[in-house]
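The letters A, B, C and D name the chains in turn, as written, and every chain counts its residues from 1.
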Amino acid sequence: MLVVMKKGATQREIEHVVERVQELGLTAIPLPGEERTAIGTFGVAAQDHADSVEALPGVERVVLVSRPFKLSSREVQPHDTAVRVGGVRVGGGQDVAVMAGPCSVESPEQTFATARAVRDAGAVILRGGAYKPSTSPYHFRGLGERGLEILAEAKRQSGLPIVTEVLAPGDVERVATVADCLQIGARNMQNFALLDAVGETQTPVLLKRGLAATIEELLLAADYILARGNRNVLLCERGIRTFERYTRNTFDINAIPLLKRLTHLPVVADPSHGTGKWYLVAPIALAAVAAGADALLIEVHPSPDHALKDGFQSLTFENFGSLMRAIPAVAAAVGRSLRVPVS
Amino acid sequence: MLVVMKKGATQREIEHVVERVQELGLTAIPLPGEERTAIGTFGVAAQDHADSVEALPGVERVVLVSRPFKLSSREVQPHDTAVRVGGVRVGGGQDVAVMAGPCSVESPEQTFATARAVRDAGAVILRGGAYKPSTSPYHFRGLGERGLEILAEAKRQSGLPIVTEVLAPGDVERVATVADCLQIGARNMQNFALLDAVGETQTPVLLKRGLAATIEELLLAADYILARGNRNVLLCERGIRTFERYTRNTFDINAIPLLKRLTHLPVVADPSHGTGKWYLVAPIALAAVAAGADALLIEVHPSPDHALKDGFQSLTFENFGSLMRAIPAVAAAVGRSLRVPVS
Amino acid sequence: MLVVMKKGATQREIEHVVERVQELGLTAIPLPGEERTAIGTFGVAAQDHADSVEALPGVERVVLVSRPFKLSSREVQPHDTAVRVGGVRVGGGQDVAVMAGPCSVESPEQTFATARAVRDAGAVILRGGAYKPSTSPYHFRGLGERGLEILAEAKRQSGLPIVTEVLAPGDVERVATVADCLQIGARNMQNFALLDAVGETQTPVLLKRGLAATIEELLLAADYILARGNRNVLLCERGIRTFERYTRNTFDINAIPLLKRLTHLPVVADPSHGTGKWYLVAPIALAAVAAGADALLIEVHPSPDHALKDGFQSLTFENFGSLMRAIPAVAAAVGRSLRVPVS
Amino acid sequence: MLVVMKKGATQREIEHVVERVQELGLTAIPLPGEERTAIGTFGVAAQDHADSVEALPGVERVVLVSRPFKLSSREVQPHDTAVRVGGVRVGGGQDVAVMAGPCSVESPEQTFATARAVRDAGAVILRGGAYKPSTSPYHFRGLGERGLEILAEAKRQSGLPIVTEVLAPGDVERVATVADCLQIGARNMQNFALLDAVGETQTPVLLKRGLAATIEELLLAADYILARGNRNVLLCERGIRTFERYTRNTFDINAIPLLKRLTHLPVVADPSHGTGKWYLVAPIALAAVAAGADALLIEVHPSPDHALKDGFQSLTFENFGSLMRAIPAVAAAVGRSLRVPVS
């Protein structure tokens, strides 16, 4: 922590800061400068400490020197973490895993058909929502428990492990009976009670970045889960809110290589939400692979026109097949490969 | 809903859209234009309908004509709603209620002293957090149940009703035993499970706008609570995230008169979070009163330097007193008054 | 400047940073800490220095300690600057000056009628655009030279000094023959060639904040003008771009008291662009007065329905009259007054 | 244009809107609905029309149906435009052209060495700034005319055509004597006087997207240049401002395929500004190629540590060489190739 004093701060104000820093259990060293004094502190300072010192008289501002995230940091763990979703390893290697399926589970037929189609095209994990968040209370919110049953049957039929969203701490146990991976949606990235709850399990967690969250906030949210003892966390870039109106979100491609540098956790790209337009999904998926993503999360629907939710960003079986055929060459160009199903 | 076709959309594509619209239970009327065809639809269309039609071939884009929020809308209920927090009415009149207290309950002494101080200065409701959200898992997260006990005692001593935050659906019942008003924090504005849970009670709810939420999304979140049967909802503008770095958030003053126009619910201004700097709190509080706010929510702490959370945006007792003395003249200048305690 | 080294930075890397800092003419002091080393530097560091050091091996990040703006800073000049626009003082006192008029000069009749109306209602400066920026090349871009002639005549008739926009360095001289104050629009806040050009004159400059500009960037843009020798700069908050769609911009009310604290220059509020909705202009104008603005800039049109530009945010004569009658009480409530015309 | 009336709008208000629409030269057709009336209009409506109608009594909002950009639109010209920069074609084919060089021209040695290095590595156009925008007036702003002389010599030595920035309308002629392509920087994207000025020449223009600009605004800015008769416009995605602080800007990868769909103009990606971190440049450059970019713009410096500007985002010769060797495989994976120099 570095405390920058105002020009003309008094000696008394400087001493008061030094005292307060010592109360916080840190060492303080005043550094007189040409224009103003700064005070360096040693010991592990937290944002709360910084905030409390910033309120003192004579203080211009306080700068935190350490990154606030810990357990997710590569400084703490230098080697890539591999997370096992069902039998499928994600991260920790040079291959790219594809998770695909419908936004929402709507019916057994739609789910089973999609499961078959994405498996046959090469996807290794099935996605599908039984509990769905919705901006409006008047819209479809998922089939709930009936949706879980359909997913369980789809898993049995297809052999694909399941990733599905959980919305409330009280639902974690029930959802985890079916899910091989629990999804925390973007709107819940800072739902700390929910992070605590999934942190108490050992089920892998796919944590989506919030709509206006910074990467630091995403890693701090991951730290919530890791700190409870669940080390199986996947981070998902799914687009952020910007001023652009032709797309639903802006996929933050920078986040892919930046996360690979900052953290040991696997990085998943969701170009479906990241663009919100089906015709942008394939080029952004390939871009994410070129940038180093460990996995892709893709929405696929037998008839996007008739989807109850997010049809405008879902691929048809045919378009998904084309994308899957395009991935290996791009992956190979950056020294990676498409993760193939174990048979 | 208006469906705008692409230039050069075929007759077949237009007919396909008309059919799909009719499947959705709406009436479709093609409107051929000079440059392209549009298709007007009648009946109540939802965002889901719009999204599903937007995915059809030949469609350029779809525009929703109705506002999506309903129960919170002034079109549904033209007269101001008054919400009773303990014995205190908020909204539904020309007076401005002040809610004040510490960000977090830290100790009995700090809480009782603050309660006395804010009551003596004219506040009519006590705020204070027992369960606190925190961006980092390594920071103070509130005293929890012990904090609730302290609040209960502060209420007994001061006679002030209590507003305090609830973080999880499973905590609603317990928190509501002490709280006269349940606060939903900004990061939980779209925690739909929590909105459902507080909607099942009759306890008033202070709903804070999310960091990157639009006003439409805030009103839809309010509709979640209203739709479950709880009509006692207060809306709170607490600043949004912008690119500005000298302030913690940007207080959206436009939201105050805009919400008064769009909705019948009371509008509360939180200049403490809305600025994040104690020296900006008083001018922004007065600005909010001038713009028509029904209530203010202010952080006050006996010793902001030593606050465990958010001290840099808390007022001292003295500064809070000055603010309270400044409010009546500004309120009177716009035809309002400061709500005074019933004695 | 504080240079934070990575955990595990080598001694050689630390020495390399020290050498590079010394090449930049600064003194460097290594500060070994528990987790990592930091290097404090003394002497006046610029952003360019920081950027260049940040690229060195072993450097985690670099923090600038001084604020980058100088001439506009209250640290450089503690007392409020008063700027004279024609005969009218703006800033440097407790009164609030109102500048009003049409967005665009459309015709002599429209301009003269508006000048008379706003003067009779108490405005002390006439605004009106002859050269107008427009997002689209297919829209109205102002009457140009003919507009300047109309403004000159409006000034003669009404006695009000004129503020009008200049778009290009080559136009500054011509516009300044009529203008008592040159407006730099939001889209030109970082048009450095234009800032240089108006800095070469002594005509007052109304500098509008850019749509996505920070306050620091606004003050640096002011420094461009001040550094060329023109000390007559007015700063204008006119709303920033946010995600909110019900308003055209979000008026940053925080900027008013914050600018009053950071700079000695007068602060002008533009609630017309700051909201983009005529029905929000009056409450936000009053809020800006309550927050401490030195002046208001208001769009007024004889028939907003028929305005060639921005009619939806212009006040009618009647609505402007109501606003002017509401200002004195709000101003008085915060120890200020409405600036009245000298007669 | 679709005009949505308020619930309960009177017959008189509806008729007033119809009259006003007809005054604007458009045809109006009222469309009574269940909840409210809408009014469809036919003929070419502009944003100005929409704004003027939105101010009428009883109007809820107005929706523009046509896209506002014209000359840059694929609807106007379906086939890809190829722009010739010196002898080098950009766009209009399946190959990817690389433009590279220093952010700023600092000295003959630095410029000539970089020109040689980037040419030898396969770049086909040399970038370098003689006139540099800078947020602060106290920083380096380029060598100006001396910089142009150095660029002219670098061009003679290397044989590479030159792209360099122009900051003011009065400089266009002089800069165009050396430049094969005039760069309009992000801060000048809506400097309409400058757009007009470069539109009057036939020199190709590289138009950078503004920091907070939408894609629609970028295309309207292109229309300014095209409308003056200069059809040689290149569009450049260079990152937008977001809340993320670990990167300087957020590269909007979605913009690449979206622009390819909306416009016939060539699309250039600038991963140097788009990330602001040298270690992110290569992965984002490859991602942009995978997403369909026609060209890359890359900052290269012989000694990034000693760069006067933007060293932290510049590649060394060695890193640039590695990137160039990685491009062909990624380009081939998406059916494209690296544009090779004509020898």
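By definition in this document, a contact is a pair of C-beta atoms (placed from the backbone, for glycine too) under 8 Å apart; a residue touches a chain by one contact, two chains touch by 3 or more.
Because the structure is a prediction, the values reported are computed rather than measured.
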_Chain separated most widely from subunit D, comparing mean CA positions_ = B
*asked:* When I count C-beta pairs in contact, which pair ends up with more: A-C or C-D?
replied: C-D
_For subunit A paired with subunit C, centre-to-centre distance based on mean C-alpha positions, whole Å_ = 39
*Express in whole angstrom the distance between the two chain centres, defined as the mean CA positions of subunit A and subunit D.*
30
*Indicate the whole-number Å distance between the mean C-alpha point of subunit C and the mean C-alpha point of subunit D.*
26
*Could you tell me which residues belong to subunit A and also touch two or more other chains?*
212, 241, 243
*Any idea which subunit A residues touch subunit C in the complex?*
2, 4, 7, 29, 31, 33-36, 38, 40, 42-44, 63, 65-66, 75, 241, 243
*Residues of subunit A that touch subunit D when the two form their complex*: 212-216, 240, 242-247, 250-258, 261-262, 274-275, 277, 279-280, 283-284, 286-292, 326, 329-330, 332-334
*Quick one: in the complex, what on subunit D touches subunit C?*
20, 46-48, 51-52, 54-56, 68-70, 133-141, 167-171, 187-188, 190-194, 211-212, 217, 220, 223-224, 227, 241, 278, 304-312, 314
